[in-house]
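Note that the chains take the letters A, B, C and D in the order they are written out, and that residue 1 is the start of every chain.
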Amino acid sequence: GDRMVLFSGPCVVESYDLCLETGTRMKAICEELDIDYVFKSSFDKANRTAATSYRGPSLEGGLEILSRVKQALHVPIVTDVHESYQCAEVATVVDVLQIPAYLCRQTDLLKAAARTGKAVKVKKGQFMAPEDMKYAVDKVRNEGNPNVFLTERGISFGYHTLVVDMRSLPIMRKFTPVVFDVTHSIQQPGGRGATSGGQREFAPFLARAAAAVGVDGFFIETHPRPEKALSDGPNMIPLREMEDFLRMLQRYWKMGREE
Amino acid sequence: GDRMVLFSGPCVVESYDLCLETGTRMKAICEELDIDYVFKSSFDKANRTAATSYRGPSLEGGLEILSRVKQALHVPIVTDVHESYQCAEVATVVDVLQIPAYLCRQTDLLKAAARTGKAVKVKKGQFMAPEDMKYAVDKVRNEGNPNVFLTERGISFGYHTLVVDMRSLPIMRKFTPVVFDVTHSIQQPGGRGATSGGQREFAPFLARAAAAVGVDGFFIETHPRPEKALSDGPNMIPLREMEDFLRMLQRYWKMGREE
Amino acid sequence: GDRMVLFSGPCVVESYDLCLETGTRMKAICEELDIDYVFKSSFDKANRTAATSYRGPSLEGGLEILSRVKQALHVPIVTDVHESYQCAEVATVVDVLQIPAYLCRQTDLLKAAARTGKAVKVKKGQFMAPEDMKYAVDKVRNEGNPNVFLTERGISFGYHTLVVDMRSLPIMRKFTPVVFDVTHSIQQPGGRGATSGGQREFAPFLARAAAAVGVDGFFIETHPRPEKALSDGPNMIPLREMEDFLRMLQRYWKMGREE
Amino acid sequence: GDRMVLFSGPCVVESYDLCLETGTRMKAICEELDIDYVFKSSFDKANRTAATSYRGPSLEGGLEILSRVKQALHVPIVTDVHESYQCAEVATVVDVLQIPAYLCRQTDLLKAAARTGKAVKVKKGQFMAPEDMKYAVDKVRNEGNPNVFLTERGISFGYHTLVVDMRSLPIMRKFTPVVFDVTHSIQQPGGRGATSGGQREFAPFLARAAAAVGVDGFFIETHPRPEKALSDGPNMIPLREMEDFLRMLQRYWKMGREE
């Protein structure tokens, strides 16, 4: 489209105050930069490495907070769904249902998300060839929902690291819009033992590369105080850096869009 | 343990007759060879590449058939669960709940399976370092269920193929028993476009290797007529070849057990 | 530096006429675009997949042609060296000695190239972590030659394909200038059986990505008639497309340089 | 063949005394176990990670020591060659010329080795699909030398580690005999910064796996005091453990041979 899309917010719904603080600032930045903003936060981190890690406020608690954020900020909301029974309820609040990467082949989950009529954002599995994501897209479209798009977030080519193969972006854009997930592409699964590590220093490099290759939008998790975040602290971008980050990114994105 | 364990049957519950034909023969072979036999078949292939592929008879229909097989053959049963709500009902029939590889990090599914009190068989994700499977095991044990074990089925180190890194077997056996999944290790995800391919010719090589390295058991899908199978035909071992296959495997397994 | 550097020419020295045709055009384009141009062609393809493939005019014949090209065009020349005994003789003609990727750990070759006093361009091995290229650089510097730089050309994470991990560019630029090799990064080793395949359609995407990430220059093989080329035809950029390709690339490169 | 072949000795020719001590013991073990023994040691480690690491006694000094070992022990000798000019001279002493893995595509080196008429042992590159090693074999055979065989030593599917894909053994045995290199398959390139690490604890597992899959022989570096070795200490098998190691291995090898 004509405008860059940004999905951004704290990894997990830690509290209403955190969501409001983050969303308010992000909305202001995106208005300034003519970016379409979608607030992102998860009510449940259902696949943490260890069972003892913080997961979130659960479905009910999380949806209640996301609903208040939506009312306060008047921005669309995206959140993850993990099991098919959650889709209908989540769809009462959010505008975009996100299918986690590990679950991108779960037919029932894709169908249930599709049937809500909301937009469905499918993350590419860490184990998937890009061309095979066509079948995940078809699972949504076959339910009569044309509003589906994909997200690149790196692929597993070895232990404890992810690699972004930039060829995947043009391959997948042949059949659907594509968002580049900056902050999960620099994740290091199991890189800190019981929690995942992250290489925040590579975020601007990979983000610029994806913008130059050509994508429809970005997914960037951010937090006002990443060092205190309850999930994904090592890879989230500090909120105070987001404006400069997006200004940089947008220059490449505009150039890439014109190719 | 003292006896080799074998999980075997047709990939998906195509019909009661198919299950009975396969299970009867496998039970006889295993009695002859002093192998502990567990009948395996799935009521639902929830992550087929394409939405149009056959999935199975669904939860109710599948459990009914599995229950009849159990009564007819007096053998324990293993089947896959895909969402947490299924676990309690599945546990009324089967003896072992299998967590699919893509779902090995889904905390709720692991917990729900654990809480049934049944044995939980977790397949190692195609994206997981073997040492990180410790956290999946802990998610089961932390629910008070000590009866959990792991399955190796290859790892994604590139597009459209899986590689078995034999180092994973001793790494995972440090914290749990390990089963080697012969027929999924030779799968080629997306290797045939809308369906997965398979390299059946490598099955005996990888199975012997795992037996020599040392494992507690094997998982081998079999079908009397693989060329007509509704799922995973290219990698299943023909039923008529299973006796010879297991005799060969057992020689290596017995030697490996004594190291 | 202030100006983008380009190493470009036909993969192998097929004839003086081919070299002159290609070099004349490339020199004109680079003058127009303020790019530092270095003519590239190999006198010997010493590691072709099959012994029966065309290798080139050999050391003596190749150097004689490269020398004539240099006199005719007044541009610096880069070519590959394969064994240490070749370095001194090659250095009588060329300005930059290129160490092939497979040979990037061969201490004697690196030392012999270093001792010529010429610039040494080391290609990163398809099997090398980027941070480990520091040792290859040190092998040159320890001989008293500070004029050494690296080239990214993709890494082997699976069979018959290469992946460019864009993180390698900033990692290697911490200790040396880095050139991005566009046309070998899209090579498919063994992808056509006895010869390597190529994915020319991905060249602009990967080149833009590298420019946005930030590099010091580019390596792009080109040929007036790639379909008739004696080596690497499937991945070379047609000469007639080079001006547009470089204009595009330079826009990203200038932006990347300013980060 | 009827007998297992073993290539074994210290990684690098540290001294005549070390070679004699190691070779004497290995010859005795192999006579006891009916194994065909070939003494292995390198006169030059031409691709050490860092230029400052010990390389060996050089061509002349190394050949002189290998010649004395041969006279003292009456066993055949294998050693590495790195550049084509070395082959003829090395062939005056040794019986098998080994092509290092990084150099397995260097046509001139393969041809020069082939032309000596000695046996040529080509290590599979860390970047090569197994079926593509056919072209390396052909480069030797096309020179009129039928005495060529291959060695599996792991493949690079990620940073700082190697994985052995056991499918490579039957694939390569379709066109040539295959040796499994136990001690380099457990190497970790760059795993210790300026030197390679090793995972000696996995040696028996991978060796047994390869024996069960089926190979023609083994390559195992050994040293009486690995902790003091000048190269590859972390992965060599202590000399005092070799007899038990080979007894174990031979049991699997004999069984594998009969499949």
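Quick note on the criterion: a contact is a pair of C-beta atoms (placed from the backbone, for glycine too) under 8 Å apart; a residue touches a chain by one contact, two chains touch by 3 or more.
Computed from a predicted structure; not experimentally measured.
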Between subunit B and subunit D, the fewest steps along chains that touch one another: 1
Farthest chain (mean CA position) relative to subunit B: C
Higher-contact pair (C-beta pairs counted), B-C versus A-C: A-C
Angle, in degrees to the nearest 5, of the Cα rotation that carries subunit A onto subunit D: 180
Subunit B against subunit A, contact positions shared by both copies (same if over half, else different): same
Separation of mean Cα positions, subunit C and subunit B [Å, integer]: 48
Cα-centroid distance, subunit A relative to subunit B, in whole angstrom: 33
Distance from the mean Cα position of subunit C to that of subunit A, given in whole angstrom: 37
Per-residue multi-chain contacts in subunit A, two or more chains: 157-159
Subunit D residues touching subunit A - in the complex, by the definition given at the top: 157-159, 161
Footprint of subunit B on subunit A - complex, ascending: 46-52, 55, 82-85, 102-103, 105-108, 110-111, 125-129, 131-132, 135, 138-139, 142, 155-160, 189-190, 194
Interface residues, subunit A side, partner subunit C - complex: 157-158, 163-167, 169-170, 199, 201-202, 204-206, 208-214, 248, 251-252, 255-256, 259
